[in-house]
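Step one of this worksheet: look at the structure below.
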Amino acid sequence: MKGLKLAVENKAKNIIKVKDAVIGGSELVLMAGPCAVESKEQLLLTAQALKELGVKILRGGAFKPRTSPYSFLGLGQQGLELLKEVADDTGMAVVTEVMDPNEVQLVAEYADILQIGSRNMQNFPLLQAVGKINKPILLKRGLAATLSEWLFAAEYILAAGNNQIILCERGIRTFETYTRNTVDLSIVPIIQSKTSFPIIVDPSHATGIRELVLPVSKGAVAIGADGLMIEVHPNPAEALCDGEQSLTPTEFAELLKEIKPICAAVGKTIS
Amino acid sequence: MKGLKLAVENKAKNIIKVKDAVIGGSELVLMAGPCAVESKEQLLLTAQALKELGVKILRGGAFKPRTSPYSFLGLGQQGLELLKEVADDTGMAVVTEVMDPNEVQLVAEYADILQIGSRNMQNFPLLQAVGKINKPILLKRGLAATLSEWLFAAEYILAAGNNQIILCERGIRTFETYTRNTVDLSIVPIIQSKTSFPIIVDPSHATGIRELVLPVSKGAVAIGADGLMIEVHPNPAEALCDGEQSLTPTEFAELLKEIKPICAAVGKTIS
Amino acid sequence: MKGLKLAVENKAKNIIKVKDAVIGGSELVLMAGPCAVESKEQLLLTAQALKELGVKILRGGAFKPRTSPYSFLGLGQQGLELLKEVADDTGMAVVTEVMDPNEVQLVAEYADILQIGSRNMQNFPLLQAVGKINKPILLKRGLAATLSEWLFAAEYILAAGNNQIILCERGIRTFETYTRNTVDLSIVPIIQSKTSFPIIVDPSHATGIRELVLPVSKGAVAIGADGLMIEVHPNPAEALCDGEQSLTPTEFAELLKEIKPICAAVGKTIS
Amino acid sequence: MKGLKLAVENKAKNIIKVKDAVIGGSELVLMAGPCAVESKEQLLLTAQALKELGVKILRGGAFKPRTSPYSFLGLGQQGLELLKEVADDTGMAVVTEVMDPNEVQLVAEYADILQIGSRNMQNFPLLQAVGKINKPILLKRGLAATLSEWLFAAEYILAAGNNQIILCERGIRTFETYTRNTVDLSIVPIIQSKTSFPIIVDPSHATGIRELVLPVSKGAVAIGADGLMIEVHPNPAEALCDGEQSLTPTEFAELLKEIKPICAAVGKTIS
């Protein structure tokens, strides 16, 4: 961690406010929604269900980084428009990924929080570009990124002028292939002791297995995560992306019910 | 997991009773004590403190697997005698590691639970030897063992006739070097859904960092672990082994206090 | 590898010609030069020495992806100009990294081969951008990229219309920290049996240790690599980047001398 | 490597002689034979073919460490007897694995070199037991063993009194699953610069793929390995163990022919 100038300043937790949501405070922040924006109907249906359950931040991909160029790559700008429309309808904030420095301005027009995905954690021109805007950045951990590399990626954003950074643990790549990735929950208290960044956990990508989303969410809340990012789709079996790890709104409601007592146990509120 | 015959039988949790302790039931089982048995005084002091805090199983190494042959390798049989003496004095059960098939009978005379350490997870003669005794076996996950390999290691013990197996996640080896290992808490619900083995978590070895023992314990309990194995030493600064990850009895008492509400939240009792 | 359409076509090796160099043919291709372009003097001195030794492709970074934003990030466009100037002076071809889709056109004006660095192997907008130009692309393996992910990254470039792809193994991230990365030489024959891409090896980044560059080069040539990419600096002790893995021109000359018999043994020529 | 006392002494290569073979000298040592001893016919057929090709050391497993207890676990003492019989018939030396400290004396009666397999690299009682005999030990690298851990394992043997140690790189576990393991050829020159141990490479276990045995052998010889350990079976399709990575004697003869020029290029002889 030698060489970090801004990321390890020892100050109070950097609390970030986005519409009704407060990230890094006493309330567990929930970001939920589909892997990819597929249609108005899909998004609205999901958002309304989530809104009723108290979710304040809607996630959904418009530009999708996919291993294969032949996979569904997202609706692009049309996806952004749908996100904004649905967010306005429901009063939710929107978090969505940006992959290209050229598109930072465009995405910033529609989104409340810009996500840097794990494949782009060391995409330095992109980090510099999002460092120049005045919106919160959700910086996912690279799939083989050490703690130090992750904090230096945040440092790029800080050094460019943006200190509204939320970190997101989403699993790392290990020799274990049963799960999509191995979730490193111990990074949560490490981040919290070294930095002032809020840190959330994405159990959907970390495990890739629907049945593990609930238990990993429980573990994440207990270990002190500031929030959760969870994939929810009205019909996972027909999702264009990551259906096998998505919850239905009903399953997500059940998850909220089950994590509430753990929130209480660690002194966090949940809406 | 193709090829497993006994380890994946779908039956109820295999509840294991050892003296006053019940492993795999509704009570969170606590195993605590020093990395290595160093002296009567050290062990008794630790055990009495732990006993008062409700710990029913005392851990302590008599035969120590150390990377270097010049490190403290344990007191051997004398260590076993001290463990038994202190266990009898306090009414606690004892868990201790066995490294050599030749010593299984010896260790079984003194210990209530025999531990197979991570370096020996695929020491097949040792697995076969502990499969032939009538005492519970604590089988730690190998440091680079896949889920499948771990279950096949258990299968060796089962096939030899011993079905009293407790699994222990103690961190896996990854590219991340900030922590000693990376704790894979997601393995806990996987084990619980696939097998009938109780599974506990060892946050001391998983992280190697004293300050992380508490938060990882919280996460482990919330995700559903059946118990915790924690290194406690009356004077970590002078420990002959793993001092930097050991808690004092006072810190351990604090840990218990902090995990109690989480136990309650997930429906577990704690003594 | 299911889903690949273009990368695994079974045809003859795709031979790529750049100025005097032929990549994928019977001659071992050598790419050498400093990690970063630092000055006209440094670059010219290096290039002249390399040219005399038969090197046809000069490497040098103008845009440098560095973990820390406070490290030397390269001379940018000025670095490109120096590369072009020196290349023209010496008759060498130039390979240099491009990090930003916005800069693909710019870099293509100066460079003969555009390099995609390992951190950007899954920077899909960048892959698509270099897929639209008519210059060879050197696609380095991501530091934790599987074979399949690497080939899909190439597929992005192919699908965008550019089939002049050279792959480069530069070490992968493992638990071993003695070397900077672990060089996976077995990937060379795998690539050669599955695809028509030429593949070269970068022993400098793979090991991070000067003394290992020669032996790894020997192994790479013997296993069938189509070329080597090696960092050479006139004064490694004062290099602004990666000095500890750079060879002096003299050491590089020695390396050439030592790999010549191995080239002969595997039927490769070397200039 | 701090703490090593004997393994890193800077002296000349420790040359080990076993029957007609010299390990660590100018001749590339070849160890070949079936994964497991299956029958007299299988072993004799293989040994005679290998002997004719100049192989001086016959490998074959009598005690097999297998992930599943239901796999073929070897013929045990009968396998040892067959190995000795065939070795005596052909004049070859024998290398075979020992897994149990109890069996070290037994195996030493039959074998010329005792192998410690990768799963047992940190089986310290076993290391101490083979440290007390007067036969060479082939110490394979653990599948997730760092350089330092490997050398400390050798130190256990040295400290017990046996300095006839041959190291064997057999691939390490990484995220890449296309090959069985990832062969780390760069460890060869590292070992040679730090220690006096001969080091050989096992391309069969390192890759798990028949077609890769030849190219990896070429790379290993060129990088400086003192020898190769290769699985050869008269009928790989019917092998009881590791058939998919075994060569036929004919394929092995072809391999020898192809590595000869590389031996010449690096100044090694080959019988």
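Brief remarks follow.
We call the chains A, B, C and D, going by the order they appear; numbering starts again at 1 in every chain.
The rule is simple: a residue touches a chain if its C-beta (ideal position, glycine included) is under 8 Å from a C-beta of that chain, and two chains touch if they have at least 3 such contacts.
It should be emphasised that the depicted structure is a prediction, and the values quoted were computed from it without experimental measurement.
Shared contact partners of chain B and chain C, listed by label: A, D.
For chain C, the chain whose average C-alpha position is most distant is B. Mean C-alpha position of chain A lies 35 Å from that of chain B. In chain D, the residues that touch at least two other chains are 144, 148, 173-175, 177. Taken pairwise by the contact criterion, the protein chains are fully connected, each one touching every other. On chain D, the positions that touch chain A within their shared complex are 144, 173-175, 177. Taken together, the chain B residues at the contact with chain A in this complex read 144, 146-148, 172, 174-179, 182-186, 188-190, 193, 206-207, 211-212, 215-216, 218-224, 261-262, 264-266. Taken in their complex, chain D has these residues touching chain B: 3-5, 65-70, 73, 99-103, 119-120, 122-125, 128, 143-144, 148-149, 152, 155-156, 159-160, 173.
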